[in-house]
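Here subunit A shows up in two complexes: once beside subunit B, once beside subunit C.
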Partner chain A sequence: MSLLHPTEGEYIQHHLDYFQLNLHTMHLGNGGFWTLNLDTLIVSITIGALFLFVFWLAARRATSNTPGKLQNFVEMLIEFVDGMVKEAFHGRNELIAPLGLTIFVWIFLMNCMDLIPVDLLPKIASWFHVYDFRAVPTDDLNVTFAMSGVVFLLIVFYNIKVKGLGLTKEILSQPFGWWLMPINVLFRLLEEIVKPVSLSLRLYGNMFAGELIFVLIALLPWWIQWTLGGIWSLFHVLVISIQAFIFMMLTIVYISMAHSSHD
Partner chain B sequence: MEYAQLVAHIQGLTAVAVGLLIGLPALGTAIGFGILGGKFLEGVARQPELSPMLLMRMFLMAGLVDAFAAIAIAMGLLLLFGNNPLILAVAKVLAVHTGA
Partner chain C sequence: MDINLTIVGEAITFAILIWVTMRYIWPPIKNAMHERETKIADGLAAADRGQHSLELAQEKVKKQLQDAKMEAANIIDNANQRMGKIIDDAKERADEEGKHILLMAKKDIAFEMENAKLSLRAEMADLLVVAAQKLLQQTWNADKDKQLVQQIIEEL
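The block that comes next holds the complex of A and B.
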C-alpha cells in the first residue's frame, strides 16, 4: 500500500485494519482466531484505568464539608445511575448499580475516542512504525461481544440463583402452557440468545457507522471538511451518549428480568 | 470489452443495493421517529409534569430506532466508497482466467 498517496479505497481500508498480534508466531499480523487486537486492548485498558483512577481519587478525597468539583461530578454520575437502577429494579442486589456505572462511564469514554480526529492517533502510531491503528475500542466487535457476553453470563447466573428449580418450570411452561413445551423451550432460547447479540451489535454498528462516516468526511478537500465534520460531530455526541446509556439501561433491565418470576 | 460489461453489471447492481441499503432504513427510521415524536408530544400534552421522564425514555427509544439504520447505512457507504469486495472477487477470478 502506498502510504503517501493512497487511493480512496486504500485510505478507507487503512482505517479498517487493526494493529494485530498473531499468537501462533508472536509476530505482528493476522493469525485467524488466535489474534490479539493490540490497538483495542491498549486504548480500552488505558481508558478503563484512567476512569477507575479518577473515581478512586474522588472517593479518597470525598468530604462531607464542601465537596470539590470532581466530587460533585462523580456524585452526580453515581446518583444518575442509582436513580436509573431504582426505577427499573426492585429487588436487592449489590452488584447491579456498580456494574451499571462501570458500563456507562467506560463505554461512554471509549465512544468518545470517536470524536478525536480520525488521523491523529494513527499518525502518532505511525511514528512508532505502527501503520494500522484503530482508536475507537467499541468499534471492535470483540470488545462489544465481550461486554455483552459478561452481561449474558450474569443474566444466566441470576436466573439460576434467584429462581432455582422454579426456572425449569418457567422455561417449560411459559408463555404457552405445559402442552406446548418444545415451543416454549425454543422461544426461551431465542429470547435469551438475542439479548447479547443485539446488545453488542447495536453498539458496534453505531460506532462503526460513525467512524466510517468520519473517515469519508476526511476524504473531502480540507477547506470544506469542517461543515460536514462539525454537523456529524454534533450529532455523534448525541449518539455516543445514547448508546452508552442504552447499553447500561438494557443491562439493568435484563438483570432485573432475571430476578422477577413470571408467576 | 466483455470484462468492462461484467464490471459495469456488478457496479450497476451495487449501486441499486447501496440505494436500497441507505434508502429503506431512512424510510423506516423516518416513520419510527415520526410516531415516536408524535406520541411523545401527545404524552407531554396530556401530562406536562412527566415530560423530563418521557424525554429520557424517548431518547432511549430514539437510540434503539436509530441503531440498525446506522448499521445499514454504514454497509451501504462501505460498498459505495470502500474497496467493493464483490468487484474484488470477480477481479480475482478474471486474473486467474486470463492468466494475468
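The block that comes next holds the complex of A and C.
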C-alpha cells in the first residue's frame, strides 16, 4: 500500500482497516476470530477510564451543600438519566439507572471521537509505525455487539429472576394462546433476538456511515471541504447524541419489559 | 464486518464500567442530591414556620396594643370620675363648713348681743343709781328735777 500517494480507493480502504493483533502468531494482522482490534480496545478503554475518573472525582467530593461545577454537571446527567428511568420503569432496581448512565456517557464519548478530524489520530499513530487506526470505537461491530450482548444477558437474567416459572408459561402461551404454542415460542425467540441485534446494528450503522462520509469529504479538494464538512459535523453532533440516547432508552425499556409480564 | 475476540474484551470493559458506576459513582452522588433535597425542603418548611410565627407575633402585638389603649382610656375615665367626686365632696364639705361657721358666727353674735344687753342693763342700772343719788342730793325742785331727768335720759 503506497501511503504517501494513495489512490482514492486505497485511502478509503486505509480508513476501514483496524489496527489488529493476531493472537495465533502474536503478530500484527488479522487472524480470524482470535484477533484483537487494538485501536478499538485502546480508545474505548481510555474513554471508559476517563469517564469513570471524572465521575469518580465528582462522586468522591459529592456534597449536599452547594455543589461545584463538576458535581453540578454530573448531577445534571444523573438527574436526566434518572428521569428517563423513572418514566419508563416502575419497579425497584439498583442496576438499571447506573447502567443507563454508563451506556449514555460511554457511547456518547466514543461517538464523539467521530468529530475529531478523520486523519488526525491515524496520522499520530503512523508516527509510531501503526499504519491502520480506526479512532471511533462505536463503528466497530465488536463494541456495539458487546454492549447489546451484555444488555441481552441482563434482559434474560431479569426475565428469569422476576418471573421465575411464570416465564415458561408466558413464552408458551403468549400472545396467541395455548393452541398455537410453537408459533408463540418462535415469536418470542424472534422478539428477544431482534432486540440486541437492532440495538447494535443501529448504532454501528449510524457511526460507520458517519465516519465513511467524513472520509469521503476528506477526499474533496481542500478549499471546498469546509462546506460539506461543516454541515455534516453539525448534523453529526445531533446523530451521536441521539444514538447514545436511543441505546440508553431502549435498554431501559427492554429491561423494564423484562420486569413486567404481558398479561 | 468481522467479529473477533475484541467483543469479549469490550464486554468485560462494559461490565466493569457498569459495576463501578453502580457501586462507586451513582450512590454517593444520588445520596448527596437526596440530602440536599431534604435540606431544601426543611429550609422551606422552617421559613414557612418563621413566617407563621411572625404573623402570630404581629397579631399578638396588635392585640396587646389595643388592650393597653383600652386600659389607658379606662384609667383616664376612672381618674376623671374620681376627680369629679373629690371636687363634689370638697364642695359639699366647704358648704357644710361654711354653714357651720356661719351658724357659729350667728351664735357668737347672738351671744355678744346678749352680753352687750346685759352689760348695758348693768350700766343703765348704775347710771340710774347715780342719777338717783344726784336727785337725792338736790332739793325738791320739781322743775329742776324734771330737767335733770330729762338730762339723764338724753345722756343715755
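Heads up, the rule we're going with is that the second predicted complex is superposed on the first by the 263 of 263 C-alpha atoms of A that agree within 3 Å, B and C clash if a C-alpha of one lies under 4 Å from a C-alpha of the other, contacts with A are read in each partner's own complex, and residues count from 1 in each chain.
Here is the rule we go by: a residue touches a chain if its C-beta (ideal position, glycine included) is under 8 Å from a C-beta of that chain, and two chains touch if they have at least 3 such contacts.
All values reported here derive from a predicted model rather than from experimental measurement.
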item	value
Subunit B versus subunit C as contact partner of A:A58, first or second or both or neither	second
Which of subunit B and subunit C A:M249 touches, first, second, both or neither	first
Partner chain in contact with A:I42 - subunit B first, subunit C second, else both or neither	neither
First, second, both or neither for A:L167, with subunit B first and subunit C second	neither
Superposed model, subunit A: greater residue contact from subunit B or subunit C	C
First, second, both or neither for A:I12, with subunit B first and subunit C second	first
First (subunit B), second (subunit C), both or neither touched by A:V130	neither
Which superposed partner A:G205 touches (first subunit B, second subunit C, both, neither)	first
Of subunit A, residues touching subunit C in the complex	20, 23, 30, 32-37, 40-41, 44-45, 48, 51-52, 55-56, 58-60, 62-65, 67, 71, 74-75, 78-79, 82, 94-95, 97-99, 101-102, 106, 137, 140-143, 145-147, 149-150
Touching residues on subunit B, where the partner in the complex is subunit A	59-60, 62-64, 66-68, 70-71, 73-74, 77-78, 81-83
Residues of subunit A touching subunit B in the complex	8-10, 12-13, 16, 201-202, 205-206, 208-210, 212-213, 216, 219, 239, 242-243, 245-246, 249
Footprint of subunit A on subunit C - complex, ascending	1-11, 13-18, 20-22, 24-26, 28-33, 35-36, 39
